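To keep things simple, chains are lettered A, B and C as they appear, and every chain counts its residues starting from 1.
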Amino acid sequence: MTKRRFIALVTFLAGLYYFLEFVVPPTIPWRTVRGEVVSVSPQSITLLVNGQQQQIPVEPTLKVYRERPTGAPESVEPAQLRPGDRVSAGPTTYLSDWLTPVNNFFIVLGSMAWGMGLISLAMVHSGNIRRRRPEWYGSVVFFLAVGGGIVAGLGYGAEGGWLKEANDVVFNYLLRPMSSTVFSLLAFHMATASYRAFRVKSGEAALMMTSAFVVMLGQIPIGLWLTHGLPSFLQLPVMAQWVLYIANSAAVRGMWFGMMVGAIAVGLRFWLSLERGAFFDREL
Amino acid sequence: MEEIAPWQIWLAAIVTLGIYSYLISDNKLYRLLLNVMIGLGVGYNFIIMWKQVLQPLWWEPMTRGFAAVFNGFAPGSAGALWVLVGLLGTLWYFQFSRKYLWLSRIVIGMTLGAGAGVVFKQQLLMNMPQIADSFRPLIARADGTPLVGGSDAPLSLWMSLNNIIFVGTIVCVMVYFFFSFEHKWAPVRHTARLGRWLLMVSFGAFFGNTVMTRMAVFLERLQFLLMDWLRVG
Amino acid sequence: MEWLARLQSIDRRWIYAAIWVACALPFVVNIKLPVYVSPETRRLYEFIEKCPPGKVILVDSAWDAGSQGENWGQVEVVFEHLLRKRIPFIITSVEITPLGPQFADQVIERLVREKFPDRKYGVDWVNLGYTKGSWQAMQQIAKDIRQQYKKDSRGYSLDDAEHLPLMQRVRNIEDIYLIYSVTYSPLEDWIPFIHGVYGTPIAFGCAGIQSTTYYRYLLSGQLVGMLVGVRGAAEYDALLHPNLRDRNSMGTKLIVPQAFGHLVIIVAVILGNIGYFAARRRKG
């Protein structure tokens, strides 16, 4: 129970920073001054606020945000300010200042898991070899390939030499053709699956098929070639655009609004460790 | 880039055809090549990840930090604290231990927590413009502005019709999802039913685009085999 | 009716063969057809045309062999546009695949060799390599690009003015005109964390299948443009080269075979349905 509570606590604290960073303004609101820069000196910034000049002393806790044309504020040092800039200045709430180190911490922490995939694959394949399972030699080849991949990876970015050549061969003539061929097998599976399963058994299926054909034909030159003599709204590319921009986008929006509510709910459950399920219920 | 040697093209063609042999039937060569591919990919990614992420962002600041510490706590000594993140990072690997599995939950929890904490910012900033854009005038002018308070553009039947369909689809689809259980009240039932029909149009677009994507990967391979290897066309 | 009913049980290998033959045909005969330029492609092209001097474009080239059929063409045409107009650009691959930057190198090397031999690495473009961290990395890039990248993919420090003069004028999001993210499924986090916070325009180059969910962002202005699958690349090539004979990008090479592939799938689905209805009628 103590372990579980401890894990819930670190989960909550990790999320708390990002939550507060979003909801808490970067400067203390009631001590923040908005105005136009009149002059800047190492000791103070003079702002024009509602027609009156106001001096703001430059202190270590002062944060200055310059307004950008897009409306989003940019954090700047006082020395970078120019007369005429629209700024807001006030004492920092520290949260936004910590964004960079906190982000760095999480990026590095997440990256530390980089060996997990290799280790779990190595465990499976070494088991195959030890127990002489069928096609165990494939597992030996796997380990050789890992070695080859590491050597080739070392050659990336090299200006010349045998490492670069190894990188070139492995990347261009093994890894690239093999991965893309494996993915391209899906084209064939999809073709047979749609041949076998895409049947007009109902009105809904007919509507789906019509939309699919319009989208498929409307996005290829043959669609344009077949219908280029027709009025614009009957041309297949125009119809495909209508399906994608209007009918499809609206339906996707409807679905994704539901997902937004779901994502926030799931986020809250994770954050507060309320989530239950196979992973979360396991005894620790 | 140097001229490509013929043996390199042949190597790529052989592994490509070796994997395509699966289309005739599953076979040993295909499975062997799959192991080669996964092995190369994992090894390659492993080293790139080290060289381009962990080395510059973790290892180098840490070693510089230690160098500063041994130099009488010179400026930059704080970098040595990265060693703590390294220790924390090792907790991931307790996933492989039954006894100390809970230790890995600490880092998983932290990562999940950070993701959960940012979800409010992420979802609101992503979806607020979407919501705002969904309130469209049902009687619209040619430039999309409403009849009342809009521009001087003439009224557009096409724009209005599109907007009615757009807003109607969003409402119907949301009703379909939110009232996914059997509903007695006829208006909700009919709206949800209409929502299902409208979803089919979208699913059709999904299907059409899926065909497009799957075909493209194959075409790139075919292009290689025909133009680079066999040199036809 | 007997033979019609048999249309629903054609051996899958015949369908595979039909795909091979139909798609190979346009390569052998070398057919080029005009394409319909969709608004999302045109908007991206026009937006890049308006890039002011002094700004750079960040290309998140996070794709690998699994989607090179579509993504190769999508970066190729945009790189050509940027090199032609001498708009400097920075390449990276955020989170998705460590292989992304090397694929981008391949595309650029070919373009430079064949069309722009006077363009120089470090001046016209820089490849910062792979980085991890998704939304955290995006926030870092926006605040201070040097927090996320210490060196480029060739190992030069970002502060090395001799090798990377371009990087000496890039500090943070202020210097970036557009972020163009190309991969199978670009990270949607670019939208809230960069466009939502800083207003910097975002464009996607994505697989056709994923584009279906991204049209809604074009409507709300959160995406400034998008290249969809092979057709997006072919359309962009058409904008770059109004004369059909000048087009030779990957997108243009693949779009006609793509059309033939679509036709095979459509015919297969229709045949499957004819067979299905014939069999149903026979059974009564």
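Here is the rule we use: a residue touches a chain if its C-beta (ideal position, glycine included) is under 8 Å from a C-beta of that chain, and two chains touch if they have at least 3 such contacts.
What you see is a predicted model, and the numbers here were worked out from it, not measured in a lab.
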| item | value |
| --- | --- |
| Farthest chain relative to subunit A (centres taken as mean CA coordinates) | C |
| Dominant interface by contact count, named by its two chains | A-B |
| Distance between the centres, which are taken as Cα means, of subunit B and subunit A, whole angstrom | 7 |
| Subunit A and subunit C: spacing of chain centres that average the CA atoms, whole Å | 17 |
| Approximate Å spacing (C-alpha centroids) for the pair subunit B, subunit C | 14 |
| Residues within subunit C bordering two or more other chains | 16, 19, 66-69, 99, 106, 129, 132, 148, 153, 197, 208, 211-212, 216, 219, 228-229, 231, 258, 261-262, 265 |
| Residue numbers of subunit B (touch at least two other chains) | 23, 44-45, 48-49, 53, 57, 118, 121, 123, 126, 130, 202, 205-206, 209-212, 214-215, 217-218, 220-221 |
| Residues of subunit A whose C-beta touches two or more other chains | 104, 106-107, 110-111, 156-157, 171-172, 175-180, 183-184, 187-188, 190, 194, 198, 209, 213, 216, 219, 244, 248-249, 252-253, 256 |
| Residues of subunit A that touch subunit C when the two form their complex | 68-72, 74-75, 99-100, 103-104, 106-107, 110-111, 156-157, 159, 171-172, 175-180, 183-184, 187-188, 190-192, 194-196, 198-200, 209, 213, 216-217, 219-225, 235, 237-238, 241, 244-245, 248-249, 252-253, 256 |
| Sites on subunit A touched by subunit B in the complex | 3, 6-8, 10-19, 21-23, 104-121, 123, 135, 138-139, 141-154, 156-157, 169-188, 190, 194, 198, 203-205, 207-216, 219, 240, 243-244, 246-258, 260, 263-264, 266-268, 270-271, 273, 282, 284 |
| Contact footprint of subunit B on subunit C as seen in their complex | 13, 16, 19-20, 23-24, 27-30, 66-70, 72, 97-99, 106, 109-110, 113, 129-132, 135, 148-151, 153, 188-189, 191-193, 196-197, 207-212, 216-217, 219-222, 228-231, 250, 253-254, 257-258, 261-262, 265 |
| Residue ranges of subunit B touching subunit C (in the complex, touch as defined) | 1, 23-24, 44-45, 48-49, 52-53, 56-57, 60, 118, 121-126, 129-130, 132-133, 202, 205-206, 209-223, 226-227, 232-233 |
| Complex contacts: residues of subunit C adjacent to subunit A | 8, 10, 12, 15-16, 19, 33-36, 38-39, 64-69, 99, 102-103, 106, 129, 132-133, 136-137, 139-140, 143-144, 147-148, 153-155, 174, 197-200, 208, 211-213, 215-216, 218-219, 228-229, 231, 234, 255-256, 258-259, 261-266, 268-269, 271-273, 276 |
